[in-house]
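There are structures below to look over.
Two complexes come next, and they have one chain in common, subunit A, joined by subunit B in the first and subunit C in the second.
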Partner chain A sequence: MKNEWKDMLNDAFYAPEAVKKKEFLRSIRQREMSSFEMIWQQAAYIRIHVWIFAVMIIAFAVFGAATGLGSTQHIIAMIMPFTASFSVIEAQRSKWCGMTELEMATRFSLRSVVLARMTILGAVTFVVLCVISPVISVAFDQGAVLTAVRILIPYLVTMIISLEAERSVIGRKTGYCPLMIAAVVSVFIYWMAGFETRMLLRYLDILESWGILIALGLLALTFAEQWKTINNVEAFA
Partner chain B sequence: MDLEEAYDKIYRYVYFRMKNQAIAEDITQETFLRFIGKKGNIHVYDMRYLYTIARNLCIDEYRRPKAEALPEDYDSSMQTSDLPEERMAVRDALAKLSPEDQEILLLRHVNNEPVGTVCKALGISRFALYRRLKSAEDSFRSSLEVETDEK
Partner chain C sequence: MNLTVDRITKQYKNKLAVDRISFRLSEGVTGLLGANGAGKTTLMRMMSGILEPTSGEIAVDGIPVQSEEYRALLGYLPQDFGYYPEFSAREFVLYIAALKGIEKKKARKKTEELLEVVGLSEVAGKKIRTFSGGMKQRVGIAQALVNDPKILILDEPTAGLDPKERVRFRNLIAEIGKDTIVLFSTHIVSDIEHIANNVLMMKEGQLIHEGAWSEDKGDLEKFYMEEFE
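Moving on to the complex of A and B:
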C-alpha cells in the first residue's frame, strides 16, 4: 500500500487523545521494577564500612595464606561474628535512624526493604566465604568444607542470637546489641584457641564429624530467625 | 516496544471498535492490568496477547446492556464535515468497508503490526489474512476512487 494511503488511513483511524494515559502509565511504570532491580537499588544504601570490612577479611585471608600465618583461621573466625552483627545492624538501620514510619509509607514495604538488605548482606558473606575458604584450605592444607564450616559457625551463632535479641525488649532499646554479642562470641573463640587447647581440639573433632550437619542446622535456624524478624519488622517499628 | 507505544496501539484499536473515548480508555487500561496480572510484569509486551485481551473485553462491553443507542463521540469521530475533501473521501471510503476489513487495515497498516500478530489477534491463518488484506485494500482503493470522483 502506498505511503500516502497509509497516512490517510492513519488520519481516518483517528482516536482522540487519551486523557487518563499519563496517569495510568505512571502508575504502571511504578510496578515495572523487578526484584533484582529492587535489591540492586537497596545495595546502594548499604554503608561503605560493610563493603570495606568484607574486602578487609578477604585481604587478611590472602595475606595470612601468603605469609603462612598459623592463626589466620582463628582470627577470621573471631572477625566473622562482627560481620554478622554489621549485617543485623545494617538490615535494621531504618529503625535506628527513625525512618521506619517513612519507609512503611513508601512504594516498597518495610518488610521487602529489610528482606532485600538481608539478601544483599547474606550474599556478601557468601562471597567472602567462597573466596577465603579455598585460599585458607590450600594454604594450610585443610579440607575446604571444614574450613568453611569453622568460619561459618561463629557467624551463624552470632546472627541467630543477634536476631533473637533484636526482637527482645533489650534489643529494641539498645542500638548496638549485636556488636556486644559479636564481641562475646569472638572472645569465646579467642579464649578457646588461646587457653583451652583441649576444648579446641574436641571442638575441631566434633566439627570434622558433624560440622556440615551443625552448619546446616544453624543455617536453618538463621533462616527461621530472619523469617520471624521480617514478619515482625513492621510490628516492632 | 515502548509501553506508551503499546498503549497507543491498543487504545486506537479499542477506540475503533467502541467509538467512545471513555470506554476505550477504560478497556485499554483493563487490558494492561489483566496482562500484568497474568504475566506478572510488563517488561515484555506481547502485542498478540494484548490484542486478544482487548478484543475480548470489547466483546464483553458490546454484550453489556446499555441505555443509550449511540456512544457519545460517535458523530464527532466519523462524520467530519469540516475536514478537507480528501480526508472526507478517505473516511467515507473506509466507512463503506466491512468492520472486519477495517480492523485488518487498522492492525496491519495503521498499527503496523507484523503478520503473525494480526493472525493471532484475529484468529486466522496467514493465508486467510493475506487474502482478506488484499481484498480489503482493493475494496478501499475502489471505494476511494469512487468517492474522489464524486467529490
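Moving on to the complex of A and C:
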C-alpha cells in the first residue's frame, strides 16, 4: 500500500530538473589533505624494487647473523650507498620521466611531491637500520650504536654527494649519477677492508671515539642538502 | 570569474621571452596564436604557476597564481609531457587526480568518464608507452580535465591528433568553454577560429592582437599569415 502511494506520487509529480547542479558541485571546496595523507598517497607510487631492496638488506643481515658470517656488517656497509642512490633517483623520478610540469601544476606542487617521497625513503632506511643494527650487534657482540654508525656513514656520505651532484649541471643531465657515486663509495669501503686492514682498524678506532658525532654531523649535512634540493626542485625543472 | 594578467614579463639573460603583456579573460575559449618562439609556451607556463615571471602579476578573482587555491582551479596540458613508464592510461589520470586532492571514489568515477570522452576507455588498462602520439595526447587532455577545472590552459593540445580527433576535441573544448576559462594555444588558425570567442596573437614576446575576431575584420588566417610572414 505504502509503495502504491509512493508510485502514485511519483507519477503525479515529476522531480524538477537540477538547476546549475554542475556549477554547485564545482563550487564546493575540496577538503584539505593532511601531510600524512599526502605521504601515504605517494608511498603507493614508490617503485617496488625500492621495497624489495630494503627487505633484502634485512634478510641478508638476519642470514649473516644466523650463520655467523663475519663480513656481514662490512657487506651491508658496502650495500648501503646503493640504498642512498636509489633514494635520490626515486625522489627525482619526475624529472627523468618528464612529469615535472604536470606535477608542478597540480594542487600540491612538485616540491610537496619530492618532500613526501624523501620522507618515505628516509623512513624506509631508518626502519632498515633499526632492524639490522640490533641483529648484527647481538650476533657479533658489538655495540649497537657503533654498528648503526658503521652502516649509516657510507649511506649518508653517498646521499650528501649525490644530492649535491644532482643539482650540478652534469647531474641534471645524467640520470644515474648517484649510482656512480654509490659505486665509488662502495669500492672504497671494499678497498679499506681487503687491502688496507690497518686503515680499517684506524677507521674503526675513529668511529668508536667519534662515530656518533660524525654521524650526527653527516645527518645534519644530509638534511641541509635535502632542503636545498627541495627548494630548487621547481627552479631546475 | 576573471583571470587577470597584469604587465607580465619574462626575461632570460638578454632575451625578453614575454614583454609586458596584460589582458583579462573570463569564461569562454580564448585562442592564443603565434609562431614557434613567439612566447606562447612561456606565457602559459607562467599562467600555470610553473614559471616565475620576472615581473608582473597573474591572479584569478584576486587569487594569485602562486597559491594552492589557484592551482586547485587549474587544469593544464603542457606541450610535451612524460609519464611514468609503468603507468596505464587509467593509472596516469588517477595519479594526477590524487595530486589534485580528489577523493579516490570520485577520482575513479571521473577518470572512467573522461577516458570514455577521449575515446580511450577500451585501452584504459594498457601501458601508455604502447600508445601512439595521438592517444598520449588524449590521455593528457583527460588528466587536464580530471578536477573539473575553472581555468583550463592547453598548450598546443591538437598536436599529434588526426583530423577526426581534432574536430572531436574542438567540440569538447567549445562545450567546456561555456563555463570555464579556456586558453588554447596553437599555430593552426583553423583549430580556434570557430570556437574561440576571444583571440590573442603573440609575436616576439608581445601581444599584437587581443579581442574577439569578427568577420568584418576579415579573414583571421589571412591576417595571421600576413603578420607572421
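Just so we're on the same page, the second predicted complex is superposed on the first by the 207 of 237 C-alpha atoms of A that agree within 3 Å, B and C clash if a C-alpha of one lies under 4 Å from a C-alpha of the other, contacts with A are read in each partner's own complex, and residues count from 1 in each chain.
Just so we're on the same page, a residue touches a chain if its C-beta (ideal position, glycine included) is under 8 Å from a C-beta of that chain, and two chains touch if they have at least 3 such contacts.
Given the structure is predicted, the values throughout are model-derived calculations rather than measurements.
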Partner chain in contact with A:R93 - subunit B first, subunit C second, else both or neither: second
First (subunit B), second (subunit C), both or neither touched by A:D11: first
First, second, both or neither for A:R47, with subunit B first and subunit C second: second
Touching partner for A:S109 - first (subunit B), second (subunit C), both, neither: second
Subunit C-contacting residues of subunit A that also contact subunit B: 25, 31
Residue ranges of subunit A touching subunit C (in the complex, touch as defined): 22-23, 25-26, 30-31, 33, 41, 45, 47, 93, 97-99, 101-109, 113, 234, 237
Residue ranges of subunit B touching subunit A (in the complex, touch as defined): 3-4, 7-8, 11-12, 15-16, 21, 24-25, 28-29, 32, 36, 41-43, 73, 77, 86-87, 90-91, 94, 105-106, 109-110, 137, 140
Touching residues on subunit C, where the partner in the complex is subunit A: 45, 48-50, 68, 71-72, 74, 76, 78, 80-86, 95-96, 98-103, 143, 147-148, 150, 179
Residues of subunit A defined as touching subunit B within the complex: 1, 5-6, 8-16, 18-21, 24-25, 28-29, 31-32, 34
